[in-house]
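Each chain carries a letter (A, B, C and D) given by its place in the written order, and its residues are counted from 1.
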């Protein structure tokens, strides 16, 4: 009868520092997801403040959040599928780590979006691997031993296979949670449901904790409280990315980041000023 | 020639690319130049073209050019927004897309695209962003259009890394890999339009933009580029095309607007 | 450039008889889906009235709609995963066909819900097969040659594989379509999106055609007009099943069907009275 | 004995089954008797038990017993409703369910369940509805509870067709097939409670309902049924349990209410 305890979570309302301290551990495989929308920057900054080390960071689009974690030396490995500053250019801290090993070398496991999205889905679905028609003719299959091929047992067609992604901990940001800990995600929902269900532990920061979730219709994207470990109220916690229905994307800051992150010292100075010295971890320039 | 004189090569490129889309197309849109071309098409001759961005936004009609593939504008103006695994499984891999519109850091004479590394993968001289949706866009869309500025650095004999498979080493290479789609059928640059040779699949120049000479194209191509038996002149942007494009650019974030 | 025409549909607003006449053909593999909710009875009745023959019927839960089609001799084969009258008992016409070959023998391809749902998803996703952890130890795998097993190329785990379902035509019922032909489905959405995307042709009956789809939120289940061939306005077209937001399930009729369908003559008399002689095909007892 | 006298064997069965659920359980609910037991638990000692129906309805709190697995009541009172492929992939196969609650047409001494055919598959004497969600419920839920009336027709030495795998031929048969879950750990009937022997996994009687004698159970079992070293007496329904059950039945459609 106690089987329940092994697989049923129960969301607790915690502070950001409590949640990160308890659920993000040195050496973890950590997936902070959010496809352009609802990127959990506040949580990422708290991970930096707490000086987590040797993380394997998993994210389809590393974005500024992982550029910052990589630049601050939190990561030993990155599993990803597109590592740029969207519409702006390079992630300079990511490039510096890959090209010059600063502040430390960064192992890469590289996929396509299609492969990585299905790998998360396979993790959520309790499958050991995902299959897709993909990677045909690409060098990704050559450099990534985690891209293999199988034959369809009915047609003989060659299909790509990728191991399921099952992070130690998933971290996402959502619009709302109710007091029981149920979570609502709206807009560009990305792979957030998949990463939470695939991970052993799940931390969700939200814009607000409310009495009524105000889900739009019976098929809204809702994560039940028993699929989440920690709920953290972190208004603005997705800035400089955005929260549909709450605030817009700070495109000016994404553009400014190119200059801030190009130089190691300028980057470190910015992080000291805006992340390390900040308590809440949600203060980001241009997010006023 | 008037229209040409006061349009930039970049504007000519975007206009020429936009013209390739029709109302019948369901287009998977890359960010940057492809997004500018696709939305110009929607705002001019192809108001019914269906635009899809990999963030899950289906049939979106952005009023301004998005900076990222998932800007709020895309979701707010979409018919519906689906999870990313569904987007790649049901919509792209499902074979529902007629045109994939891509940019490139490097493209080679057979239309293979590199957005991963310059140099060797293990020790790159330049680490580029990587694949994103491109490998499966290149294999699942019925055809692929590429829009890219033409320089010897971008137009190379062979890409350093095949991120997105075009025509491989040419001929029937795609079919031999079991890929059922046409691959790159159109490459639009700031100088010309290139299409694959029906047999060899090598990219050849089929149209020169107004005022561009063959020598300029040859000088900006990293391989001895060939020209089609009849090379046309790209019709210059109409005053309307140019006006709509410039309005679109003017109302978009500077960073999102192609210079 | 004309590739578009081969894969892009454009929904047309047709009458029920026009849509069935044009898109449902003798010998077709036909999937009329709707998981308890939104079962396309009106369309099913029109298929019977038009005397379609030699159909391979595909449906997770055959329900009364296929009991009627089978009893009227429209089907030569059934691909399914649960063939009962929910909460009531047997589907007597289905049983009569399987047990006594009346009115004609019925070939069976039988799956579990999990297998069949993933087979539809694989069809929608353009994959030749679906993989799942399923069928372990069951006799279903013994009697169904379309259940095979593969080994995960990473873990070696044995996984079940099923061929993708790709019907010739999908028929579903939905709440609303707008005048462009975009379709909204709400409530228990079942496998309707999957079957429409998996099928070569798609017919959608709706409660009403409206100017504004009134989708609830950005992530509502919507089928774009270019994924559908025919839209048919058929108010009440899901009775005696139901349409969330429009009318409830006619549980009394489901219960009464047990008596009506038990006897061949009583069944035929009922079909003559309520289906064959009915024009609109939406008149079902107890649905007042 | 008062409470017993005026409760039916079916009521005793439902009450005994309901008691096996706790607030910590996430339960995948079959229609009919399992649904009655699960909702009785929710309305009595386990108000926080999470009920999931395969129609996609998650954390549903029906006011009346549903006739079908997808009655409007289930969606209207659910926390959220997901597509059926997601239900089976992310929620059931994903290993998020603690208890699968099943009925059966036939169950054998090792807890294998048949809901497919009586007789041979090719020429059945009785064609039953079939598998539905049961095969994967039986393999993916941490444990399986079965509720079924006990007769020699339902309790057979070996099922005609294994629709849902229980303990196979006993012992470690599940593990040998790579199944990681406990399988049937509890079978509640109108006469008794049976549980698998820790070693052989044969179903043995661990509790008799009030007033039921061993001979009756033996007579209603198709194999020489064994009894645990200590056989308990099932506590009779409390007045409260009975009142709540009868209210629930009274306000549900007659067809949906177990007689």
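Simple rule for what comes next: a contact is a pair of C-beta atoms (placed from the backbone, for glycine too) under 8 Å apart; a residue touches a chain by one contact, two chains touch by 3 or more.
Keep in mind the model is a prediction, meaning the values are calculated, not measured.
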Any chain that touches chain D and chain C: A
A-D compared against A-B, more contacting pairs: A-B
Whole-Å separation of chain centres (CA-atom averages), chain A against chain C: 38
Centre-of-Cα separation between chain D and chain B, whole angstrom: 58
Whole-Å gap between the CA centroids of chain A and chain B: 29
Shared interface positions of chain B, touching two or more other chains: 75, 81, 89, 93, 140
Sequence positions of chain A contacting 2 or more other chains: 121, 126-127, 132-133, 157, 187, 189, 193-194, 218-221, 244
Interchain contacts (touch definition) - all pairs: A-B, A-C, A-D, B-C, C-D
Chain D-facing residues of chain A, complex: 1, 3-8, 121, 124-127, 182, 193-194, 197, 215, 218-222, 224, 226-227
Residue ranges of chain C in contact with chain D within the complex: 35-37, 60-61, 80-84, 86-88, 90-91, 94-95, 98-99, 110-114, 117-118, 120-121, 132-140, 143, 157-158, 187-191, 193-194, 221, 242, 244, 248-249, 251-252, 254-255
Contact set on chain D toward chain C in their complex: 31-32, 54-57, 66-72, 74-75, 81, 83-85, 87-89, 92-93, 116, 121, 124-136, 139-140, 161-165, 168, 173-174, 177-179, 253-256
Touching residues (chain side chain A, partner chain C) in the complex: 126-129, 131-133, 146, 148-150, 152-155, 157, 159, 161, 163, 186-187, 189, 216-221, 244
Contact set on chain D toward chain A in their complex: 20, 22, 24-26, 50, 58-59, 75-76, 78-82, 89-90, 93-96, 98-99, 140, 142-143, 182
